[in-house]
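Shown next, in structure tokens, is the structure this report addresses.
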């Protein structure tokens, strides 16, 4: 029997390279004659470049050339360009300089004299809504493709409500949806909880800054890129450079994290190729951490009001949610997702959502692991506890009661899910955490330390459908799986091949994963985001494996006689009534047969992008290639229930997370260790958001100060929980052949929730309802000191 | 190369003025020293120069002619103390010698100076010969001409003036201009530090305007190095020492009055509050008349 | 003799009192010879030649490497761009992430925050130097990571592995809590800290059994 | 001139091997010189291209500035001794535990492996306005950005402000004050400073954190035996368990006679531009037992005269609580 691959731990095939220094990330590539490129970043949060005097720069020894905004595509409306003459945030790239060395780049950039006209800027989106508040763009603060720019403001009366601590009722919300009857919902409620909420923006700060190296050779671009996705990023780069994708050799073997900031690559990855084309030399664009802070994206912050009604039995009957979102200069969609996730997590049946995405002159926002969901789960969970407290209900019971089943439809269109095991996850987690006993410790004081129990529920998308799988069994008897997805550390490149390999009855050492280099063939793939990949590409590879299996059996039947269906595969052999063949023999046979067997003919429904990839391997062995036609209906969402115990020191406001327990619904578990790592890692990221990571601007000059790691404060190993445990419900998703869903996203909101609820619990139920919950805020609250800033102020700390 | 101003980049990378260069302080000190040495040499070279004969003293001129009332002396000395404190706290730290809490001393001295100035203005307008000091009419230019002539030519005697001779008036006006400049800019600067008077706010003015304010304050301060140095120099010079004593005691002797003043322009009065002035000791008289002998 | 020329700017600036021409002229002997000469002792006179001759011999992963190094060059830059040892990563270049951690005489340090010229006479070990060059055998720490399936994106991994290497060398009986402290100078944004600690404990276990 | 960061501008490097030569080189270099010790503060300035010395004097090769020397009256620690060495040194651990503990709380292991005791106490403030290269008072300009009405000053001072509101970031400084250590400064004249006098506030010189002027070199730290084996307390409150500077820290030494505090030295950091010795609190607790009322009185006395900026009111209560806890540590 071949080994079992699904649900079994293994060392990913790229691990050895990662710990011996052989793994090459974008900045590790070199080319003959390589020169460097650096960016000149805007010193002002909003300005117009009136003039650039580069005469002194051009005399710097080693200087090669400058690239200006006029040389790159300038899209209309609030869309990011690679370089701009009207920077919308402090740190936006104005121009790029190439020189023989980085030192020369730096010296040349310093020698450039800029003539800048400062323009009004807005940092706090709520300030931008004030009647005479500043706008992020000179043209206004709202943009639509049809009507162009306009200006949207609230009234003084609205702000009187805001200033009085109430939810305002502004006219013409920018986004609005309702479901059910919200009035009736609140009328039915015994308890109504209403809070104003602030969630800060958080820079992604993946470990690897988004460096790029590029050169052109005989009209062909060779690009070495830091990106989450691979094949899709290649397509994006081809679009940005207006070249044929097949004229790009795209390399992204390893990526040092992205968390949503490098999904289809990123805007500035195309600068090195452009500069290289301009100067005819290989160009290394080494992005520094400082630059990463600016061009590296951030999660949008929220200023929100939530009103939730609960029946006497604890059932949530209505949610009225309103979010003002810091969209940065180029927009973000988090708030919409947040509204849907609030609905699906607490199943009120009656809900109104009003959204106000506001452009600001702060670094650009983008999806960050659980975008929208992480913010809203982290911020609403303490409100659930407030309701439980007022109703004198158990905190777990109220969550189980309100958690959805598969019957509940999400959002205004009541979208149904393929599977929903939220209640099961909560029960599993409670068992693992020993909730019954641990909850007794809540509020217990030991010296200056108080125990707080945190719990929360979080969900996010976990799959997508319709991509292509490509694999070849070569005459060496091994299965070569060609992956078009990226390799940002989630182990998807190998995890998604395991169900396929298992289907083909192969041991893991008979499987080779090919990834990260488009010259070796990348089938049409999903972007590596939204926790889609485990679902999407275990399906796509499964489809390709089914195709391969069909062909193997057909060849066996042809060769050995009998009915193809009577043949089975095991240990790299196909066996059946006529005897057996090795895969090596099958591969040779496939090459001899040609046609569909070795890829000479391809299925007609393949994506156009897969065809060239498949063509690279025509005739090399038995090809399994197929589109994921498994179909399915409804959204694919995974769930994470989280439990935690903290000890809060009431004299210092510091706390230590003693325990963390994650229980997840991800359908079938493909790779347990990796799943656990996703649960913990995401949770700790969420905890970092809740407790330390920040986003601070000087209001006078609009300049961010949390612009490096020690001021941005991502969580360190000392901040991680002292003990951690996880488990999975393990009920397969019925709509996917592998049963597996993704998990990356929901863990972030869960981690945030476990701290926001635990801290509130340790503080006797008081919800500060803002993040990050740093020692200063906690100790000030405990000592009854006034908040040093406005209740809804953003970007402070 | 001496730099006149200090410039820097504001947080947006724009070039801004932040104040005067401290090279100017050293320059002022050097200039003050050069002036003193130059003046001493010049004065010696004019040893045999013409002198106007002592004026005929009108009958009834008291033995002790009151030159500075107690009120104006109090003003003068309190202002001097404030000025000295200001200049010392301003420049000594720049020279590298530490004065703990110099900013606090500086602004308190500044406030004292402002108080003294306000007192002085009221007192001058209400009780002193304000208009003779502020006279910029034809006589001012006549005096200016005569004084210039005296400086240019050894044969032209120093013209005699009223109570406030031209050089005193010019000095006063210079002090007035620079102290007002220093005070006005100083008050604006106080908004950037912790004082009981203002809510601290560095952003009331733009970066560039702030730089101009600091530069004016700095220029005024540097000018005070020159003014104070020359003032002390003259006060200590033997030929002018009577002036110093007059600011200490308030009066000058009849002889000094006759020698240095034109009784038609300044009608001498005695100290009505002290009828016995004539009986003051000989030592004082000797001191007062000493310049005459030296000269 | 290339005395005055090779001394360049420094010669003019400090006058001959502060260094020794003989040392500079003899080049290769400088690092050991400076104690032999009278007058002010300057460690590594090659530094004094920095404006012209910057060749330096570094011991990296047990090998002597001759390399041309600027006075203002950090070890991370020398490793990555001069010696092509790209396993050492630059995550922040500010001693704030630990991805660039290497061993200097067995002690873990941030290679982004040390000048290469400060390493004269010292031995540097990078991630590339852990594997047995002849047998390909992994070090105990590397083996532990393989056993435990450590790391996600692994951009931090070289740094963590170097810190773990120093840690197990110092104390193979390390507790999980001590390991946490020993590794607290390395940041993992994937926050795979639990698995990293598993690797650390496994590494200590392997180290004890060696 | 456009903004650029992350590349160290060129400089000449000199590597003296004796204190005498170092001081000599420093004198020659004058304002254009820069002393490189552990480099953690230095490279930050260099990489931000804000400080651009022409000459860097690397004192890492001066053996006489490294290590420990047992002396009759105490222990002398070379300024270039690394923080790891300080934290691990047997005698420091056993007799002057507060210093070892403070050294253990500095940043991260790698920083402690490289950072030196001298560098830790002599380092510059981390006020982010100042460190961003803004022309503030401390940088020779004419404004304090951090104390503007809406400025971000959560990590700034509550005591000792004088135009500048920055704080001293050192962990070991308060411990050395609690131990009544002496700083040995060579320039080339050799001077001794009491630890608390080594640090100066902006009212004395707004551009410096310590008495060191260009040409001065801190060579040794002498820890007298007087406070050896006292009851020590050290605590540092910070946002993250690693890397971060203190929000507020406290270091204290108590000489006990039974349950009575015979003598005490207490210092806090993170609250002023210099580490603050709490003489008044020391006087208060002397001769008393560390009862709850004494703990509270000590805390209240400690925060007298504090004044918050917009965002740092919390430091007042944090400082009070830490002083309380320090006294509580010797409660019966």
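Chains: A, B, C and D, in written order; residue numbering restarts at 1 for each.
Following the convention adopted for this analysis, a contact is a pair of C-beta atoms (placed from the backbone, for glycine too) under 8 Å apart; a residue touches a chain by one contact, two chains touch by 3 or more.
These figures come from a predicted structure and were not determined experimentally.
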{"item": "Closest chain to global C-alpha mean, per-chain Cα centroids", "value": "D"}
{"item": "Identity of the chain that, by mean CA position, is farthest from subunit B", "value": "A"}
{"item": "Approximate Å spacing (C-alpha centroids) for the pair subunit A, subunit D", "value": "41"}
{"item": "Between subunit C and subunit A, distance of the C-alpha-averaged centres to the nearest whole Å", "value": "34"}
{"item": "Subunit A and subunit B: spacing of chain centres that average the CA atoms, whole Å", "value": "73"}
{"item": "Geometric centre distance via CA averages, subunit D-subunit C, whole Å", "value": "28"}
{"item": "Junction residues of subunit D - those touching two or more other chains", "value": "1-3, 6, 9-10, 132, 145, 148, 241-243"}
{"item": "Residue numbers of subunit A (touch at least two other chains)", "value": "43, 103, 114, 288-289, 698, 700, 703, 709-710, 715-718"}
{"item": "Junction residues of subunit B, two or more chains touched", "value": "11, 13, 203"}
{"item": "Inter-chain touch pairs (all)", "value": "A-B, A-C, A-D, B-D, C-D"}
{"item": "Subunit A to subunit C touching residues, read off their complex", "value": "9-12, 15-16, 18-25, 27-28, 30, 103, 205-209, 254-257, 259, 286, 288-289, 488-491, 673-674, 676-677, 680-685, 688, 708-710, 714-718, 720, 724"}
{"item": "Touching residues on subunit D, where the partner in the complex is subunit B", "value": "1-3, 132-135, 139-145, 147-149, 161-163, 200, 203-205"}
{"item": "Complex contact set, residues of subunit D against subunit C", "value": "6, 8-18, 20-21, 24-25, 28, 36, 39-40, 43-44, 46-47, 54-56, 58, 60-61, 84, 107-111, 113-114, 241-243"}
{"item": "Subunit D-touching residues of subunit B, taken from the complex the two chains share", "value": "6, 8-11, 13, 16, 18-19, 93, 98, 100-104, 189, 192-194, 199-203, 210-211, 214"}
{"item": "Contacting residues of subunit A [partner subunit D, same complex]", "value": "38, 40-41, 43, 102-103, 105-106, 109-114, 288-291, 448, 651-654, 692, 696-700, 703, 705, 709-711, 713, 715-719, 774-777, 779-780, 783, 785-786, 788-789, 796-797"}
